[in-house]
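A short worksheet on the structure shown next.
Per-chain residue numbering starts at 1, and chain names A, B, C and D are given in the order in which the chains are listed.
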Amino acid sequence: MKNFALPRSPKVIAGMVILGIFLLLMVIGPFIEPYNPSSPLFLQNLPPSSAHWLGTTELGQDIFSQLLDGARATMVVGLVAGLVATVLSIVVGVSAGYLGGKTDEALSLTSNVFLSLPGLPLLIVIDSYLPVSKRSNPLVIGGVIALTGWAWGARVLRAQTLSLRNRDFVEASRIVGEKRWRIMAVEIAPNLLPILASSLLFTVLYSVGAYTSLAYLGLTNTSVWNWGTMMYWAQANNALLANQWYWFVPPGICIALVGTSLALLNFGIDEFINPRLRAAGVRVRGPKSARVSRPRLGMTPVLRDTSGVSS
Amino acid sequence: MSDAPLLEARGLTKEFLVKPQGSTFARRRPFRAVEDVSVQLREGRVTAVVGESGSGKSVLARMLARTVSPSAGELLVGGKVIDPHQRRDLTYTATVQLVLQDPFASINPVHPIRHVLERPLIIHGTASREVPALSKELLERVALTPGESFLDRYPHELSGGQLQRVSIARALSVRPKVLLADEPISMLDVSVRLGVLNLLRDLCDREHLAILYITHDIASARYIADEVLVMYAGQVVEVAEGTDVVDHPRHPYTQLLVSSVPDPGHQDRVRIQAPSATAFPEEGCRFAPRCPLADDRCRRQVPELVEIGTGHRVRCWRVEEASVLFSSRNSQKGGGEIT
Amino acid sequence: MSESILRVENFSVDYGVGDRAVRAVHDVTFSLGRSEVLGIAGESGSGKSTLVYGLTRLLRAPGVIRSGSASLTIGEEGQRREIDLLSADERELRALRWRHISVVLQSALSALNPVRRIGKEFDEVLRYHGQGTSRAERRARAEELLAMVGLKSDRLDRFPHELSGGQRQRVMIALALALSPDLVIMDEPTTALDVVTQREIIDELRELRERLGFAMIFITHDLSLLVELAEQIMVMYAGRVVERADSSDLYAIPRHPYTVGLMNSFPPLSGEIVPMSGIPGSPPSLASLPTGCAFHPRCPLASEECSLSSPPLVVEGSRSLACFHSSPSVRERLEIRS
Amino acid sequence: MRVLLRRFGVYLLTAWVAITANFFLPRLMPGNPIASLIGKLTGQVTPQEVRSIQLQFGVGLHSSIWQQYWDYWVNLFHGQLGTSITLSASVSSVLASQIYWTLGLIGVATVLSFVFGTALGALLGWTRGARTDSLIPLATFFQATPYFFLGSVMVLVLSNNLHWFPDLGAYDPNATPGFNWGFIASLIRYGELPVLSILLSSMAGWMLGMRNMMVTVIGEDFVLMAVAKGLPRRRVIWHAARNAVLPSVANFALAIGLLVSGALLVELVFNYPGVGNLLLNATLNEDYPLLQGIFLIITLTVLGANLIADVLYFWLDPRTRTPVTQ
């Protein structure tokens, strides 16, 4: 499937590099952290220094260690919730699109209902009914996030499956006697991959956001380190008002960077799915001497060859 | 060899439920896309179905390929009636194959050509060691030579004409006796159309396939077919052997169709003037609202398909007048229009 | 020939600039007389659409005009002025468009804004070109235009998707004629239609042209349609004009092997059925054109010379031809072979 | 019309799901949160209040769960959402006093965000390939930044350090609440930064979506035809934008939910009165009656907004009104 190569735009490369770094942190973060993130070992409220790159907390914990440690929980919950939601959306979306009829009606209705429910408030409500012991389990939280986040992917996948199902090549497979499950798995599924990837990126993005929001609100177990919890403590101690930006800002930037990397990758997929979005087709690339300014619709540029036309 | 046609359709009808335009709460009403069509496909013969968009010709092809189930009527293979309820019927699949219109859409873009040809071979029980050789042979049968050079290419690397040949090769892979081709050349470049058409004729002549050629291009039907059916609004309005339909059209619609084709050699040909199609009427002759000869009976009662000469049948109440109309007008050269 | 309205010289168009540039239109020269119909025939990728979109500067990126000149002569008799299409700025082009050159595309469904009523399209064109001071006046003009193509005025209140294909194409034609342009470009306007509808529209176009006297460039892959409609026919292959002639001459004695092949690709509607062959092979991709004459790999007459250099377009009276084997008997020789 | 009725049906069903979930969640949750709450409350509140909570959540009641469900509906239709534990007032009166803040702030911000974001996206799409494209990664960053973070940093920098905006809160504590110019002016002044922060974080989504659609639509024939007709450029852009905006309107359902979620946090960051603040307090204090009421109100409001978006879409796209002919 060599035609599935993503366009190699700077955006995609930047996205892959940033995401790669954070995935690496997820794996090795807790091993390379200089100190135990929870132990109040140091002087309180130290500003950044060579010993404490990001200073210390009100309790004297090393903030940089917390940041490294928090990468794991944040990313794991984001990925797990994203994956679970995507699997849910595949099951619901693809079967609704392919099976059609009453099944489709029922499944579409379900996803539309979930789509119309406001996600974060629902999350907060469910979460606050959870016993505190359950809240400390990132997987439970991840599951709840997945429950509120699958519907969008299901809707997109259903629409795509529906359009693929009516394509001629699917009919052609049916005509030569291909079995139903093989048509779905071999003929339709590979064509769904780009949409699937895009939907996965989006749900991971949503999950990271939802998880850190819950943590920031203090609705997850506050002793499990993740970036949202760090900001919760920073906020609780009025870190910003005390100009302790190094406590509050780095975790926020990390979340934003993870999100940005996912969104940048999604650009690549968008450009793959919809070639019109590819910038390469727009800017007329060429040698410096022959560069054309951005072509405008209805103003085809005239670039007379001075060197003479080779024929 | 028995006398029964390889594939026969008797009284095929397909009704769809459609919502009338413009109304919100109106009930869906049945709309007959195909009405009581019978056709016999015989060994070594090309049968053409000619019709414009909306005439029901593609629905007919799909009913014959059994991807659409008919509302009424039956299919017979070699004289035996097919059980309409059996859904996936490999014996039928191995007998009747359909080639679709758009070669770019009918081949999955993510798989190489090899996959396209090998799947049907495997499904229909070819031993796996024979598969590569057979695939290559199939490609060469449709004049894609050398076959092996195409096997590992992806669809986007092939031209439309080549893809349509691959599509035909895929249909041939199950060794069918009947080949249905739904507008196989309309999406192709002009210069390669005849090549594909000749390939079909060739398969028919050399390998004795029965071929149903569906088209909107009456000239290509005349070129390739042994028998031509003209469809209008879901009904067969005229059938004749050989070139008769085009050379001596009897139904006013066929005359309109023939006289509309650009034909610089006969620019003096008289044209039937007919108002554009609006909705098809629910009773009477479907063509009546456009027909210059329509009278009360035409508007009330649907005419039957009546034999008027050897193998030439027409569905028209006023076939006598209609026949005279076309021939006399053509000899007159540039006479007044009928309004 | 009458006074010319459009003159095009050595016109070339590329897609892209630099290493990956692909030449889509190569060195095309022609002129179009006032009220004349020029037919351009060719298959997909022959450059026929690229040529006219390039001339009107409507070609989308990455299309770039690389050489040549193109000028349009407009204005009333006695005060004609020539406008250089390639050096015109946006304002000049805007003033020129629709009022002097209008366009009809193959699919009217995609050419009409799907969320607007038909009447709005007419109103807008008339309003922005300063015709019809009041809404009612413009509405009356729109009704008049629709009547001209045989449509009832209630169509003005419809949306494009509510009309049939033939009706939509008629709407496009009426719209194209709204400002009485000097030149109308028709890009395969009937290809998506049924034969009967095509016939109606072609007849209507002929009549309208006689009445209104606009010049027309008509693009299609159907040579026989052009023979009925056009005075002049230009046949293009792989971005070049390979033959140009009066339509009756071209039909009677096609001289380029490609033209012959094209005509042999349409089975006739009458006479004995003889096996015909079309043209072997497929049209080339512009990115990898054969050396020499682009047609030589498919040409039954090709000699070594053809693969070495590209034959120039030689003008000979009212005909032009780009072929090394240009004896008048090409057709006979080809027919014997097939 | 049919499409619209269908959508309405979906929303009714959604409302039913939300209401039913509200009823069953506390009853079916593992660990029985209500019982433990009542345990905690004993001695702190009057026995009547305990009784009313028990009634509402069906603890220690002898009627069947279906009878409770029915009673729950009956109460709902009488506007009785129970009594807030922490505020010792009826949930409906608490909500009634706070919802206007939220509706005002988020409503204004949502409309502005949609309008500006879409307009900017249309321009970006039109000028695709130009230097304005460099806005995209920046917009992406803002889109990916959690709202509470962006808001807090803005408060720190723009309000605390630069003093461009007033302090936290909804209005000047010295102003007299009421329909007077001083109060309204201070409302606007205090609303600027919260609205601006919502705009910054939510506009990017509309903008990027619109840009992508715009780029796609510009590739359509009818836009080229608008150019060929010699229309002025702004008219051509209008042709394209009018079509490109349709998916944005259709996606409103998804967006509004996310937007409201994010914007609930605005009240926290800016210490702004409203439902978001209530929600958080209710959660932290385990004030379940209030929590239920808030969730219900938010859901119904979001559904209402969706319905408006659907009507708008229906009005904007004629193809939803009549079937497409072949």
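In the analysis below, contacts are C-beta pairs under 8 Å (C-beta built on N, C-alpha and C of every residue); 3 or more make two chains touch, one makes a residue touch a chain.
Just so it is clear, the structure is predicted and the values come from calculations on it, not from any experiment.
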Most centrally placed chain - per-chain CA mean versus overall CA mean: A
Of A-D and B-C, pair with higher C-beta contact tally: A-D
Whole-Å separation of chain centres (CA-atom averages), subunit B against subunit D: 56
Separation of mean Cα positions, subunit C and subunit B [Å, integer]: 31
Subunit A and subunit D, separation of their C-alpha mean positions in angstrom: 22
Chain centre separation (subunit A, subunit B; CA means) in Å: 50
Residues of subunit B engaged with two or more neighbouring chains: 21, 53
Shared-contact residues (touching 2 or more other chains) in subunit C: 58, 60-61, 90, 93, 97, 162, 164-165
Overlap residues in subunit A, where contacts from two or more other chains coincide: 282-283, 295, 297-298
For the subunit B and subunit A complex, residues of the former touching the latter: 65, 67, 88, 90, 93-94, 97-98, 100-102, 105-111, 119-120, 123-124, 154, 156, 167, 170-171, 173-174
Residue ranges of subunit C touching subunit A (in the complex, touch as defined): 12, 16-21, 26-27, 53-54, 57-67, 86-87, 90, 93, 97, 310
Subunit A-touching residues of subunit D, taken from the complex the two chains share: 10-11, 13-14, 17-18, 21-22, 25-26, 29-31, 33, 127-130, 133, 136-137, 140-141, 143-150, 152-153, 155-156, 160, 212, 215-216, 218-219, 223-224, 227-228, 236, 253-254, 256-258, 260-262, 264-265, 268, 279-280, 283-284, 286, 288, 291-292, 294-295, 298-299, 302-303, 306
Touching residues (chain side subunit C, partner subunit B) in the complex: 43-44, 162, 164-167, 194-200, 202-203, 221-222, 224-225, 227-228, 251, 261-262, 264-270, 273, 275-283, 298
Of subunit B, residues touching subunit C in the complex: 21, 52-53, 159-162, 189-195, 198, 216-220, 222-223, 243, 246-247, 256-267, 271, 274, 276-277
